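Shared between the two complexes below is chain A, which pairs with chain B and chain C, respectively.
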Partner chain A sequence: MKPAPFDYRRPTTVAAALTDLSSVAGARVLAGGQSLVPLLSLRLASPPVLVDINRVAGLDLLTTTDSRVHIGATVRQATVLASPVAARHLPLVVAALTRVSHPQVRARGTVVGNLCHHDPASEMPAVAVALDAEFTVLGPDGTASTVAAADFFGDQFEVAVPVGGLVTEVSFPVAPPGSGAGFFEVARKARDYALLSAAAQLTVTDGRISAAAVAVTGLGHRPLRMDTVEDALRGAAITADALRAAARLATGDAVPHVNRRSTAAYRTRVLPVAVHRALRAAAAQLEEDR
Partner chain B sequence: MSTPTAARPKYVGGAVKRREDPRLLLGRGRYVADIALAGTVHMAVVRSPHAHARITGIDASRALATPGVLTVLTWPDISAEVGPIPCIDAYPDSLPALQTALADGVVRYVGQPVAVLVATTEYGAEDALALVDVTYELLTPVVTMDDALAGETLLHPELGTNVVTTIAQDVGDVDAAFAAADRVYEETFEIHRYAPMPMETRGVVAEVDPISERLTLTTSTQFPHLVRGFLSGCLGIPESRIRVVAPDVGGGFGAKCEFYCEELLAPLLALRLRRPVRWIEDRREHLVASTHAREQRHTVRVAVLEDGTVTAVDARSWTSSGAAYSTLTTTPASISSAMLRGPYRIPHYRARAHCVLTNKTPLAVYRGAGHPQAVLVMERMMDVIAADLGRDRVALRLQNSLTPAELPSDRGTAIVLAGPVVYDTGDYGFCLTRAAEMIGLDEDWPAQQAAARAEGRYLGIGLANLVEETSIGPYESSVVRVDGSGAVTVLTGSSPHGQGHVTTFSQLVADELEIDIERITVLYGDTDVVTDGVGTFASRSAAIGGAAARKAAGVVKDKAMAVAAHVLEIDVADLEWRDGAAHVRGLPARSLSLGELAQASTAWNAPLPGGMSFNLEGTYQHQAAGIAFSNATHAAKLAVDVQTGEVEILDYVVVHDCGTVINPTIVEGQVHGGVAQGIGGTFMEDLPYDADGRPLARTLQDYTTPTASDMPWIRTDHMESPTPLNPYGMKGAGEGGATGAPGALVNALQDALSVFGVHLTVDGPWTPDRVLDLVPEDLPWA
Partner chain C sequence: MTQTTPRQPAPALHVVQVTVNGEPRDAAVPARTLLSDFLRDTLGLTGTHVGCGHGTCGACTVLLDGVAVRSCLLFAVQTDGCSITTIEGISPDGTLTPVQQAFQDNHGMQCGFCTPGFVCSLTALLAEDPAPTDQRLTETLDGHLCRCTGYQNIVKAARQAAGREALS
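And now, the complex of A and B:
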């Protein structure tokens, strides 16, 4: 496992990083390296230049502003998991991240890198889509734009970042009071990529569901928001029957996985089950908090 | 002079902590990849991308024109100098299908070495691989067992068949037993292909030693002494001109009990280039270039009397041996055919085991070799018969199990390289009864199961009994040496790859000499340090190698006594050995310690009497008197999530008997590791091929192995039936975990899902999607 030759740059400012990324066609951002380095080793990717952003100032911040939590591009998955801010405000992010790989990998892997990699079997894109996460994307000339999660994820392994561009952060809305988060996945082994994963956040106001956010990954090539399930839940009281009935409405087109071995038929069959389990977990968290 | 103390506690039988662990856990191990010799150049192997093809051309000019590339070799460049890769377990009538170090014009599996190149850097060598242009004419691939048996395409047309070995085992009068049977059961079982997957891949460093001008090969192997012999044979160089070193080896499980193309190519290149040549297998290579395992089909017919007595088994098996013989090719088929009946009497038995060529990576041994397959088949049959006769699963097994009074029992079968199967000792019924009791398989179980099912929980308990060949010969050697400080060095020919030899061998020698374990150093793995040895496989090291070490320590002790008698000028009969010293009987204060006796026998002293050699050293070669058979019962309890197909193992019990236990912690570790591999094979690990013979598992993302998080808590219970075949009663313990797990787990899955009319005849991998396929779609949600 030996990567093809590449040039290595380690800028310390965002401006320098953008310059390095534009210097050669095919230059690639290196964050935690937990997805990119295996690709290099397998020679499935052979970028001419790697731009290591780990020393770029200001990207390692985890901050809370105007009811959103902002996670900088070099913030490690482990840092988020250990953060009281995330525990308090981003219960769904925390629930999903505990299912992302092992502590060793999370100690290096970043949340942003994970989302930019956009493996179709990855857990976090479901959370990003469910919660309407926002990405701050810099173009090669430094112009910043905010991209909604719904527009960020393209086909598998593709995201809306322009050539020579960079994501500086992802932000998630703070979970409103009265929210419960639930995450469920089927995987071949503990902490493996998901065969299918479902993320759900339910907010209850005056005994009824005022907001429901539900999305899945693993079914198709991109994360899928479960609109029909959300619609059925909105306004309902949290009862076992309501959750079950809503979950049964989950539908979507399963496609064969690139390299994970589970059939499309399997994932279609398990879809409502996964959604149901995620909803039940969200309801259970609400119950606990009460 | 030492003074007598209270009786010293024995190490053997104690849970002594592994002496090698601090070093390994602190990252201070030294594996092949850690070895850096000045001037090293790097080998890379051009491998076949096709399952079956004729090579129409190899053009290395682009690679050779690249700076840093030193040489590219293909088969014609080396064919005059190297013999084929040896197979040591062929039967006299096996047809020849040996592999050559580089493809001889036809490639027969994806990953087969086609050309080899050397460059000055590892990365340069990898870059150059893409610059060797090979053209192929595709041939029809033989992928499945049915393809191979149909024989329309032959891997070696000159042989006239793809079936290269057929092993026969005949006991009693099978036909008469079937004629007299009340019921006959027939099933066909498919066992899938998976692999040992050691954490450390293979690797070699070869160099011509500048001082002695001998060839030195450092390789990640389980048997350096055998590699020395193979290399000598293949290169035509005397063994005395070859040194083979196995440094720390990060797991082998059978995959490194082989002699591989790269272990021949690197030395050849080192000889030609006169520079150290290094090659470290990467995981992608490992998945196609290191031996695979397990894949077999079994068709069994079983004759049973109305009272549940199993009278005969008529068995046929086919092993998908891959594209060529490996070093140990027929062993899995041989073992499964010889051992299929496990602990059960079954007086009439016939087996025909076929080794079949397919366009896949060569298949060889993996922890348990052919045992796990045999156990799965026999134990599934026991459950099938019990269900059909309406009998209790435990009772039916007990009824058919050999009792201690019936042992020793000549089973009438034989295992290649090992010899006749004669069960020595064991109490199979005890282990079964105890395991059933520990897991909770009693008359209440069906009611518990039904109650859980009413709540949507599908629970199952599965059992598997096993008897396994361990401690095979022919021998192992050991040298024990004492220096003037009283420190003891033990040399063993059995080279470990994670088994804890340093600890167990120290325990044995420490007890023999009655000294502290810390005084002992154990050396192995270098054919120049330990000139004679056999290796670590077939659960043989502790029993055979350990016995040799303890016997060698006994030789040292005897000599020490003789030296003491000489120094003290008394009769040896007036001395006794105690606490690491020779004591004068009746004069407790008068004694000579091991160190003092070692000093007394060095060259600085007067010659010893009777021409006794200088120095305190003893050598012993322990020859195995026969195969010792260990046994165990595995019991697994699991829950199936009938909505997702996920399986959770709730409890796992192993009651086992490996004769005298040297170190229960190490034995338990062996059991746990083996069970983990059984869990992997049953639920996750798989080496599927597509219709073109291309392997689909190309990385460890595709090939899923269990981790600590996937392991259940395993409860073990030990039973000790010492074997008379070993001077210390020891049998082997290395493979039983892997041997029993698939049978117990598949039976448990069957038990959990039998309400759906499921009838499992496949060993796995029972991934969630396959499990869910067994569950009706219209099942109400829990």
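And now, the complex of A and C:
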């Protein structure tokens, strides 16, 4: 089992990476390689050129500016999990990332690469959509645009990155004071891909929920924001009944063949349960912080 | 390699210079050479085992600049300039390290195929955190598959290596 031959490029600047990506049709970014290399070894993909961005200067930064945390394209999942900035400001990202594979894989895998891969069974797209993450996307000519998570994820394994383009970072808003985050996934094993996962962040002001962000992945081909659940929660007192009632409103069209491990009927059935557990975990975190 | 048809030109070779188990090594290999194959076939270090070849089993785990990673998910050319430790170099003086000793004491292996990976991962974890929580230990072990032991003795070995009582 070996990848087909490819041309290997290792640019050190963003400009050179874009040139390499545009040099041949089908050139592909190599970030952590934890999703791409298996595809190459199984010969499910055989791009003519791989552009290794791991040594591109400036992409490995984790910074906090104007109330957002910015995660560069080569920042490893393990780096985010070990970072005090993330622990303090991105509780939902941390809660989800601990479910993404094993430490040995997170040591290489990047947050941005994981989102660009957009496996429908992946956890992080739910977080990105729930928190209104923003992607900095460069076109082949270097023009930068900011793409909201709601517009970033297309059909499964598709994202809004133009041919020859590159994502340089993703940013998440800092969790406001009084926030609790919860993540729940239905999976066969801990740290395996999810059958269905739910992400929730609740912000409480004066005993009432002032902001609620809830989204799921695994139901269909793209992450889904749970608007009706959020609407029901906003303004409510944070009680067990309120969480349960809101979770019951979780609905969405389940697509049959998102993965081979569960049916649409099963995922529709567990949807409100998963949302409820994520909400309960968020409430428990609020309780702990008090 | 059998799939390479004669029509294709020979792939370009990349010089890879790395420090493996403390010694400088270099070789010219095609870009598609996985680090696992580079270690085993090019350098003859067959202690790194390849189970699944696509990231699932952890048998191929080595230390890359001190961090436990899967060598089947990296191309050798990507590690140019880096330092790699394989199971052959895990004990600098050739005597059993505390992790290796713990595997022996607790009968933490049967066929031994998975063992180099487990030992490399635990060595990296304990270097970074000499007293990890049980949760961290399990999380690290979880990155490896063993088809023989049923894991109980591996958990015991890991707890001993972390300086804790083995759970009976």
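In this section, the second predicted complex is superposed on the first by the 286 of 290 C-alpha atoms of A that agree within 3 Å, B and C clash if a C-alpha of one lies under 4 Å from a C-alpha of the other, contacts with A are read in each partner's own complex, and residues count from 1 in each chain.
Everything that follows uses one rule, which is that a residue touches a chain if its C-beta (ideal position, glycine included) is under 8 Å from a C-beta of that chain, and two chains touch if they have at least 3 such contacts.
It should be emphasised that the depicted structure is a prediction, and the values quoted were computed from it without experimental measurement.
After superposition on chain A, the partners chain B and chain C are seen to clash.
With both structures placed on the common chain, the touch criterion links A:T65 to neither chain B nor chain C. By the document's definition of touching, both partners, chain B and chain C, reach A:A4.
Once chain A of one complex is fitted onto chain A of the other, the partner contacts of A:L42 extend to both chain B and chain C. Contacts of A:S262 after superposition: chain B is touched, whereas chain C is not reached. Of the two partner chains, chain C is the only one that A:R108 touches; chain B does not reach it.
Contacts of A:V273 after superposition: chain B is touched, whereas chain C is not reached.
In the superposition on chain A, A:R188 contacts chain B only, with no contact to chain C. Residues 1-5, 38, 41-42, 102, 190-191 of chain A contact both chain B in one complex and chain C in the other. Contacts from chain A toward chain C in the complex involve residues 1-8, 10, 30, 33-34, 37-38, 40-42, 50, 52, 54, 101-105, 107-108, 190-191. The touching residues of chain C, counted against chain A in their complex, run 1, 3-4, 8, 11-12, 14, 30-32, 34, 37, 53-55, 58, 61, 67-70, 72-75, 77-78, 121, 125, 139-140, 142-143. Across the interface of their complex, chain B is touched by residues 1-5, 38, 41-42, 102, 186, 188-193, 195, 244, 259-263, 265-266, 269-270, 273-274, 276 of chain A.
If you check the complex, the residues on chain B that touch chain A are 122-123, 126-127, 282-284, 643-646, 684, 686, 688, 696, 699, 701-702, 704-707, 709-710, 767-769, 772-773, 777, 781.
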